[in-house]
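Dropping the structure in here first, questions after.
When the chains are written out, they are named A, B, C and D in that same order, and each has its own residue count from 1.
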């Protein structure tokens, strides 16, 4: 390696180190787990492969697992969300890290394979890519004790696999923990989407019309924060109960066909492909700004948009498409996750909860591997409560406990 | 009956009729069910006993069941929530109605028995009182096909009964429908508690410190509306995950012992007894106002308060207690449900959703009685979606549908 | 007087006494003024005529002025806002009170004249009716030292009078005090309009479309609270700067012609006549609810509505008009001030600020009558600050003071 | 100039050009003024010196003035807010631009002098630095027709100058226009402070305790947005009326001494020096983050902090101070304006309003120079309304107009 390259990597790693340290400051629950809650060297002798968005918080997690005795390898869950400085820092700490921002899909798949080449006993997956890869590699599969899945998006696929008895090991669906989806998904996405849009565009939200596609936990969080910044919020949904909730929460609920004509900002968070399609882009106002906060880039039908207009890069992460009508539409981050690509992703304080779940689940898998079946498990409620208690304590918040008298009265027939 | 009494009852009934009509205007889903969705005379030959808060909306429901062919009798779920004019109107429509505002607990129990004396095949219960009464009366029990339960509070008891094989008929837990608890509990309680407190006291909420005990659906609704009226909101909880949610939602979370010293308003919504106890009353500031929105009056420990201070009625529904310290605490509606006793209860537009669930569940019970087991059932998801669709349509709100292409992509492995 | 009538009046007065006492509890600043800030017997020998909405807070004010030595008479500012029990209580305290809820306009004018028959030296006027009456009665006019005006609506008229040198005495425009209009108008109207609409209709605000006509202090307060209760808020305005503010505050700004078709609730607060006209009523949806929070009943063009539809009383304070189209529109309180007629008016805690201004202004007028000119004065800023300080202290709120060092640096050139 | 440097400057300028173009898209009112409202070549033959924050929007303004015929020179209002790419772009357009991010105070003063060396007839000043400089340079002063002042902070100084008859030319205080301070100050500061804090720290706002010092327009905007992002907001004030407003708006009002112990974030916006002092820093919790949004860096007493702790750079714009207690405090952007230094400053859509005021004021000064006195003027109300109308039109918002009948009724005595 030439000296200059070496020097550049060192600086990158130093930068990543600083960011990992900054993140760790806001992750007291994870620190607490490492400082006694989990048995010392709990993961000694275990190989753990992580396939997660490669952010500073993932750096904190990977390091903690290492400190607890695991042999860790890391691949990125999405090439555009990779923070190269964090990757460099992890590598310089001796953790094999297979990630590079901007890798193409073939390269990305290879990185996941590389991370799995340690023959993991435990696999930590974001949305199912690594678990799918393992199922295609019988030689790796046999040694796996269990895995975790971070997002809602991959759960249905794993459940189907389990039902057809093709799931090869137990998987805990971390997203179903209350301390995960009630916080990370809603609050994390809410803040980081606003952050990403502001960094990418600098545009005024107050008084704007902001369209959120999807009213699940993520969509709800985005809607809440967009309103908090002064926008008038429109919601589109396909589930009538959620649509009714959005309407009763004071948002204007309508179809995307109608919303397309009214919005200044659009953010997709449906968990489905093609939430915003060519006919919607064609109907938008001049200056409309479009972003995606859903797992799949294809929530925005950019191939459809490319078919009617040519992009021009006008800001660092903004492509402007001039439509045949002369109207100009701006797309942020090429339709990739706006909060991770244009922003820094979920705040560390929330990843603290999600990753604490993850660590406790890995510990659980390691200790109960023998007795678990090859199916998809929920996070045990007691873990959920424990994490919340640790977080409240770190915030200096005390809460009440039911007294014996209250418990007795609650059990009594009324 | 003397002419004067007769005249008074007629006026009362006319007043009740007007209120039932006013409520029915805001209940389009129920109207829609009656106008074709439910088979004409679906309940012909069935006796249905209702034990619900006797409000104008219950009047709309009872009348609809009658129109659909049922023989209906009505008892009140709580004597203080009974609206005597509605009771008179129902009686004048020929529906046996056993309810009187202010009845004592013995009288109230007798009213429930009277309502059950029609030997119902279907029983609609609020929190379990009527179902418990039936289980004490073997001569009535044998004919019951099924029942519904409206609130969360009674479900645990029924589940325990079912597990010990003592539940005598299938019961559908209506509260678990999304179109029930996400709307009625949160939004209905939210608005009607504010309404009840304002009617009872007229005090300024803006700039006040408002303490909500409990952060379930009801507590959340109250907190949201109190903040919407300009109050600073404090939340107390015993569940750490909910407490963390409240904190992250921007509320000050603390113990009741601390909150007691800080609040101007207190509202209990924990679903537990003794949420606010004598030691808390003793710590409150001069002028504090205390209300209960929980199912059990005993969320407020009024016996405990009575032991340290004497009440004096200072407004129609407000009792002021002068504590030994000289500080004065005001309790609304003697600790009974503030939204039903001081206000008019949940707005008709929300009861529309709850009662539509109820009617569809009764129809379901009537049609599937043979195949159902003696256990507690959830509301089928399809009914939930149907109700939401009907409501959205009545509001003039159109929503998107997943296209065939989207469904295909969602099913595909990713 | 027959014994029965006497007894009825006694009960009414007792009820009014209780309400005055309840109000006084939330008026600590006024109590403080009476307890030393204003010289003992400051108004000894002075006759003071009040023409104010006859609420419990006005009862507190009138009593305080009496305790400070004044000879007081009272007339109501609007016949529909009069609380007869408070009027009876004041009368039983020996204060000549000329007010009766529901008086017609001739009767109301006579009541004002009656109140002025004490030949007041000081006149406290709500919107200019009493001051106008005085200017028509030269025999009363000569003895007047000064007056105060409570609302913004009458100020322009008085300014015009002053410019043409026809104003006979100095008047202080209380509304221009920051501790008046920033609180009473915005927060008081905001809460009491919501309160009045809920009491009158019981309808659900969450998810509704709520149209506010006018975005002055009152309209802003209503919009804020309607949003706080979960409504989607529409604003109409004629001033482009205010309209832009409303838009940037996240409200949908449009014309009344468009809003008429979209709203579930309408509330006028423009300070102008004819804000909602026959063509708007004709365009409204079935079930729309219309109220007025503006000073003049004629903000709603009810004569225009009467010309196309007939009213029917459907709730205590609600008239329903069935339009030729079959759509039904409900008008609250015959278009009179919804917060005062259907609700209890501004909360005592805010009238505390407004009336504290008033008392200090009367004291100021009494002490400086000689040196004041015949024009419209603003409230001196020092009084404003003093009132805010007293209020904060009563709330237990401490604030910072600029240090000597800070003052020095602020004065220095930078 | 070496080829490499030349190339670097070209790239910088191209980058600045792109940002100026992006800003101009959101400034339709300014575009409208240039497209006919202002006479073509209105500023022909006039030299205009600008001393403004050197952002993309200032680039749009400077270019527009050039197109309207002016000879323009530019200096930065603050060396840390300068965007070097915009400065390069302006220079490459032939506009003399004297600005460099990070200049020291001597260099900065020289830049202002350089910009004034064109002997301007009109001077556009941010907070008074350029106007003060002119008053120190008699040879430049004589030719000045007038100036404008952008912020509130410098107005008092100029008023004092005018009163002592030392102000040498008329100055229009642009900040007093409603379309300036109601928007730019409140909404612009609100969004850009949140933006700046998120970019600098990435920390979670939801559930945090956020302390805002000062409740003027800027402080209010910050408080509103911090709450909108889920924070619990504390406000400190020295003005009792503003403090009372903050309390009634639902914020916790207290002294800085108390707030210092409770906050996770601190933002100063008082317009005074020393809002947050060494004793406050010393009392803060571990991890507290401190920023300044006030005009003067010295709102934060960093010399005082430096005396008790040493800074360490931990993120690009964050210095961490480890206190003797071991607690660590992070200060953003060395106490300079967080919204301009860590964020991109006020969104273009708001600078559109502020700069439209500015252009109309310059036009007014140029046309009325002869008749104006040497004092501080407000923006004429008609200009304010015109700007609001242009903005509403660009947003597609139509509003009502008072009809002749309404005007007549408003003028009539009531």
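In this text, a contact is a pair of C-beta atoms (placed from the backbone, for glycine too) under 8 Å apart; a residue touches a chain by one contact, two chains touch by 3 or more.
Small disclaimer: the values here were computed from a predicted structure and weren't measured.
Same-residue interface: chain A and chain B share over half of the residue numbers found at their contact.
With centres computed as the average of Cα coordinates, no chain lies farther from chain B than D.
Between the CA-based centres of chain A and chain B the separation comes to 38 Å, rounded to the whole angstrom. With centres taken as mean Cα positions, chain C sits 37 Å from chain B.
Counting partner chains per residue, chain C shows two or more touched chains at residues 187, 206-207, 227, 230, 247-248, 395. Of all residues in chain C, only 206-207, 227, 230-232, 247-252 touch chain A in the complex they form. Looking at the complex, you find that chain A touches chain D at residues 18-19, 21-22, 25-26, 187-188, 190-191, 194-195, 198-199, 202-207, 224-225, 227-230, 287, 314-315, 343-344, 347-350, 395. The residues of chain B lying in touch with chain A in their complex are 127-128, 132, 153, 157, 178-179, 182-183, 187, 236-241, 243-245, 247-248, 253-256, 258, 272-274, 296, 298, 384-385, 388-389, 391-392, 395, 397-403, 405-406, 409-410, 413-414.
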